[in-house]
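In structure tokens below, several structures.
The two complexes that follow have chain A in common; it is paired with chain B in the first and with chain C in the second.
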Partner chain A sequence: MNWFLFSTKEWRRRPLRTAITAAGVAIAVAAVFSLLMFQDGYRQGLSREIDRLGAHILVVPKGCPYDAASIALHGANWPCYLNSAYLAEISRSVGVLSAAPALMAAFNNAQGAATVYVGIDDRMLALKPGWRIDGSFPHGSGEILAGAEVARRHAWKVGGRVALPEIPGRRATVAGILQPTQGADDTFIYTRLEDAQQWFQHRGELTHILVRLRDANLLEPTVLALRGCTAGMDMNIVPLAHLFHTIQGLMNSTRVLLGCIALIGLLIAGTGVSNAVLMSVTERGREIGILRALGASRVQVFGLIWLETIQVCVAGGVAGVLLAFFSSHAIESWLRTRLPFAPTDSFLCWSWSWAVISVAGAAILGVVAALLPAARAAELAPLEAIREGATP
Partner chain B sequence: MSQPASAISAEGLTKTFQRGREEVVALDRVSIEIRRGEFVAITGPSGAGKTTLLSLLGCMDTPTSGTLRVAGQEVQSLNERGRTRLRREKIGFVFQHFGLIPTLTVAENIALPALFSGRNGKTRLDELLECVDLQHRCHHRPHQLSGGEMQRVAIARALANDPQLVLADEPTGNLDTKIGNSIIGLLQKLNRHGVTIVVVTHNAVLADAAQRQIALVDGRLK
Partner chain C sequence: MLVLMARNLWRHPLRNGLTLAGIAVAMGVMVCIVSFGDGYRQALRGELDRAGVQMMLVPLGCPYDAAVRVLKNQTLENSLPASALVAVRRDPAVAVAAPLLMAALPRQNDRRTDLWVGLDDTALQLKPWWQVRAGQAWFNHAHDVILGSDAAALEMRVPGDKLYSPEIKQEFRVASVLNRSGTSDDSVFFVSLATAQQMFAQSNRLTAIAVRLKDPTLQREAATRLQRIPGAQVVTMTEMMGTFLNLLGAVRTLVLAVASIAMMVSALTVLNTLLAAVLERANEFAMMRAIGASRAQVFGLLLGESMALTCCGGVAGAGLALVAGSPIEALAKDWVPLTPGGSLLSISPSTVLPCFLLILGVGALAAVYPAWRAARLPPALVTKLG
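For the complex of A and B:
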């Protein structure tokens, strides 16, 4: 037998109490670990989402730029539109390599599922070097490029003639199908800009323009130039890097709040652990006295109680990490309904390093929580052993 | 280095306790000498100071005055760590209520003193189990044992670190006569193998089995 084994045996004495104590730690660690997963996952998801747009600047109609950015990223109906004529002025601006126009329209069916159409032209291809198309980009009238998920859902094949969902009586030819991008593009139906303007009766109008710069360092002068141009009064110039930082900033304050709550949870769990171990030490006073009588030093008794507590906390920590992992899907779904801006990708990102840090944090919690009960146990006199007491 | 002939040597041992404003004299100038290899029974009525004397001899408490030498070491000069080391290396304890750890098996209970002294508890395990005739019970937990078996485990545990001295507090107190007699036989067997044994007892049979009796009354030697 060794000290580790000896301390694990103590768990069996009061399995329910041990389980409840460990569960308290598990819940607190699950909260902390979920927050850490969210911290990384949200930043990476947002960054990937913006990268997938392939643009440095998003030009949208006047209004809330964050709402507009969210609509452009995830697909929805736009409350107002840009004049197509602005496109030429934007394209001529200093630093602009390419400006890709888009007209987006979204329809929700009775089940709440959205069908999103995006009218584009081949300038969009310059912004989406990652796109892999089975078939071709739609060049002819009545052709579409279907996102991978849409094509899968409707069982569309390249070259097929299909009825367009949510547009009664309208049919189109599937010129190409996008290979999966793992982003919102998979759920969009792309068509020629002219066709979209005709189908949705927005001739001469756009919902947004994606702008790619010759050099990312030209962001500030280009933004200033676009805001100062004639059309600048009618449109919002949204630098996506700023958008990233602004959304991150907004989320940071939420994270700080959640972090404080998780920290309070950890403190409560630590107090619970300390209390449970203190109870255990009180109940085992005579037994600890026997250990001292048999030759256990104060340090050894202190270490034994310490080890027991750390083991319970580490077990709780591991359970907490697993709990967070297995409930991450449900947590993410819930968060999506609450967050003003949620990336399409999963934003609870599993990380071994955070998992190890979380379990290590639980161990540290155990180290601190055990201090008082372990000190109490170490102070117990061996004389307790030979006084009257219960049978083992 | 030669071993001291005396296992225990106490001179004018006094122990007082404070009970409220009253000072209680539990032991009053007790002087005893127990030689190595002796089997001694400390007897006396309840409240005579037997357990207090045993706790002093076992270095679990310090005398208020007087001198005490256990296994050649002057107990008063030892600090808490020194007394712990003395208990661990030189003394084995047997308790009336057995004092087994309920979460550990028989083998693990017996190995505890070895764990405390950093030794390999398995080395003497078979020998100790055989000594108390409990090889077949080594994986059982205390609640699966009879009272006699539990006390035999406690005796094996007391011997784990090969002590010079075994102190037993009412070792037959919780056992019926037949099983108590078997424990007395076991203690006699250990004594024949050279272990110094000091028991505190009310049991006349056990006291008679000892080579010498020390009787206490009101904290004094009778």
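For the complex of A and C:
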């Protein structure tokens, strides 16, 4: 029997203790690993979301709450409106490639599910090169373009004549269905801008304007120009890159805090491991004495205990990574209800490198936690230990 | 019984010490987090109330970002026309409207950035903490500067001294130095509004206008009217505070979730320690049963030991939070958006007690299984183990 197999024996002797010790490590590692997954995933999710919006600048009405951008991304009701005459002025500004107007209206039904209508015109297509439409873009009055998710939920077919949800007595023809985009677009119902303005009684008004630039480097001068124009006095020009940085900054500060606390969790798990190994050393005083009497050196005894500890920690680490992976869906949906700016698609993304780093971290934890008990075991004087069954 | 528990715990000082340390750290973290949230809310409300400002006019742009920057004494990239001030003062509901112009002046040689703020005398009504430590009360000349206490200490100037700014190539006279207020004003160089506008070539521009209303209940109507001023938007303090508290609430939930994981891990350690105790002391428990102790008494003994352990851990953790709280607070201040001047941590019985009860509950829960196992040991075991 080699040392490695020998070291596994002790843990099999006390399965409950091993399980509890490893569970402690697993929980702490799962927390750390989830945070690491979140770190990359959130940034990517956010930038994908902003990319998908297809715009560099978002123009919203003045006096809107700060979360106007979040409303534009995820769909909700707007408390304030823009005069649609401003659109012309924005389109004329230097640097603007295209400016797409939108009028958004959201309805929440009793079950909490939202129906979001967005009135657009074909300028929106220039901003959404990723859109694939089955059927056609709505051209005539009373035609709609349904997001993939909405169409699936209501079982709409292209060309079908359907009753519009939440607008009693209004019927429309499904001109096209959007292929899945994996974003909030899937849950919107698009109509012609004129129709939306008429249905929701906001003639001549918009909720927001999406602006795409000729060149992303023109952001600063264009923002200045837009703020300087006459209409600029009544609008909020939000460069999405800035927004991205603001949210990212908020998240960063939170993450540092969370990381520190997760590390403290790991530290506590470390003391738990140390404690468990210490107990097993205490119980095995006699056994260790005999090992030493049979010729095992201090280094070998030290190594034996060390190996045992690392095994448990690595097992805990692997279990923790798996735990985090399998519960990532639950964690994500919980986070979604808590975070003010949660991207629509998955923001906990699996990464092999972080998984390996987490397990390695658990192993290092084992290395450190084993020092004290292993040293105690190595210190045992063989004969006394055998005679007394002594506690070290 | 208590003596017996203490003696049992004392038998393995290292083991129980480690367990205790784990509980103490978890408890300390929990107390810090809970009291941080409370303290933050109080400090924020205190700061906003003290100023008596109900709303703020800021330039267009992200209103949230703008308001944070103004409160933290940072410059904005955008500015308001001076005509907005006239319009605000004309509004019937406005009691005080204080304009300010902020500019950051990078000092290449000293690797720092000085903040210059231009004020007019209406600002005094909104800054009750404004107290002159030495020197004259207000600007007498265009080149007078009033220094915040930290700024004065940094520049090593007292009233009457000259202050030359190589970046602006202008010489100032230190008119006075302010008392320490605990706000971000402490590190500011104040000049009169006109001087600031001329210094930074921003004639007729303002960074923000702080507004106090005659009657705070008229806030909604006043905000709607002021919102119509071109180029400006209104951020009310209630709105802003709501936003911050929402954000803070989200952060706090996340942090508490991670902290409860730490607590769970420490509970597992307690469980392990107790299980080992049951194993080691099997013959002891059997003996107790044999000489007449009931199952409930054995159960109670182990439960009591666990509670005693977590109790000590809880007290140690609360102590840890008290001692380590302020250094942690200093660290946290750099990360939290909009830090109010006062103390953020308010460790009080009302924050410590729930944490303490929680940790006791966790300790009791962890003891159930080992205690049950101990109570189930048959008294006859004593004859086998000897």
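As a convention for this text, the second predicted complex is superposed on the first by the 380 of 392 C-alpha atoms of A that agree within 3 Å, B and C clash if a C-alpha of one lies under 4 Å from a C-alpha of the other, contacts with A are read in each partner's own complex, and residues count from 1 in each chain.
Assume contacts are C-beta pairs under 8 Å (C-beta built on N, C-alpha and C of every residue); 3 or more make two chains touch, one makes a residue touch a chain.
From a predicted model like this one, the values you see are computed outputs, not experimental measurements.
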For A:Ala360, decide between first (touching chain B), second (touching chain C), both and neither. neither
Contact-wise, after the overlay, does A:Ala88 reach chain B, chain C, both or neither (first, second, both, neither)? neither
Is A:Arg292 touching the first partner chain B, the second partner chain C, both, or neither of them? first
Would you sort A:Ala381 into first (chain B), second (chain C), both or neither based on which partner it touches? first
Between chain B and chain C, point out the one touching more chain A residues. C
A:Glu10 contacts which: chain B (first), chain C (second), both, neither? first
Taking the superposition on A as described, I'd like to know which of chain B and chain C A:Thr246 touches: first, second, both or neither. second
With the two structures laid over each other on chain A, which partner does A:Asn275 touch: chain B (first), chain C (second), both, or neither? second
Overlapping contact positions on chain A, where the chain C interface meets the chain B interface: none
Across the complex, what residues on chain A touch chain B? 1-3, 6, 9-10, 12-13, 286-287, 290-298, 300, 381-383, 385-392
Complex contacts: residues of chain B adjacent to chain A: 51, 54-55, 58, 60-61, 80-81, 84-85, 87-89, 93, 95-104, 107-108, 111-113, 115-117, 121, 142-143, 150, 157, 161, 169, 174
What residues of chain C sit close enough to touch chain A in their complex? 12, 14-15, 18-19, 21-22, 25-26, 29, 33, 60-65, 78, 227, 230-231, 233-234, 239, 243, 246-247, 250-251, 253-255, 258-259, 261-262, 264-266, 268-269, 271-273, 275-276, 279-280, 332, 335-337
Sites on chain A touched by chain C in the complex: 16-17, 20-21, 23-24, 27-28, 31, 35, 62-63, 65-66, 227, 232-238, 242-243, 246, 249-250, 253-254, 256-258, 261-262, 264-265, 267-269, 271-272, 274-276, 278-279, 282-283, 335, 338-340
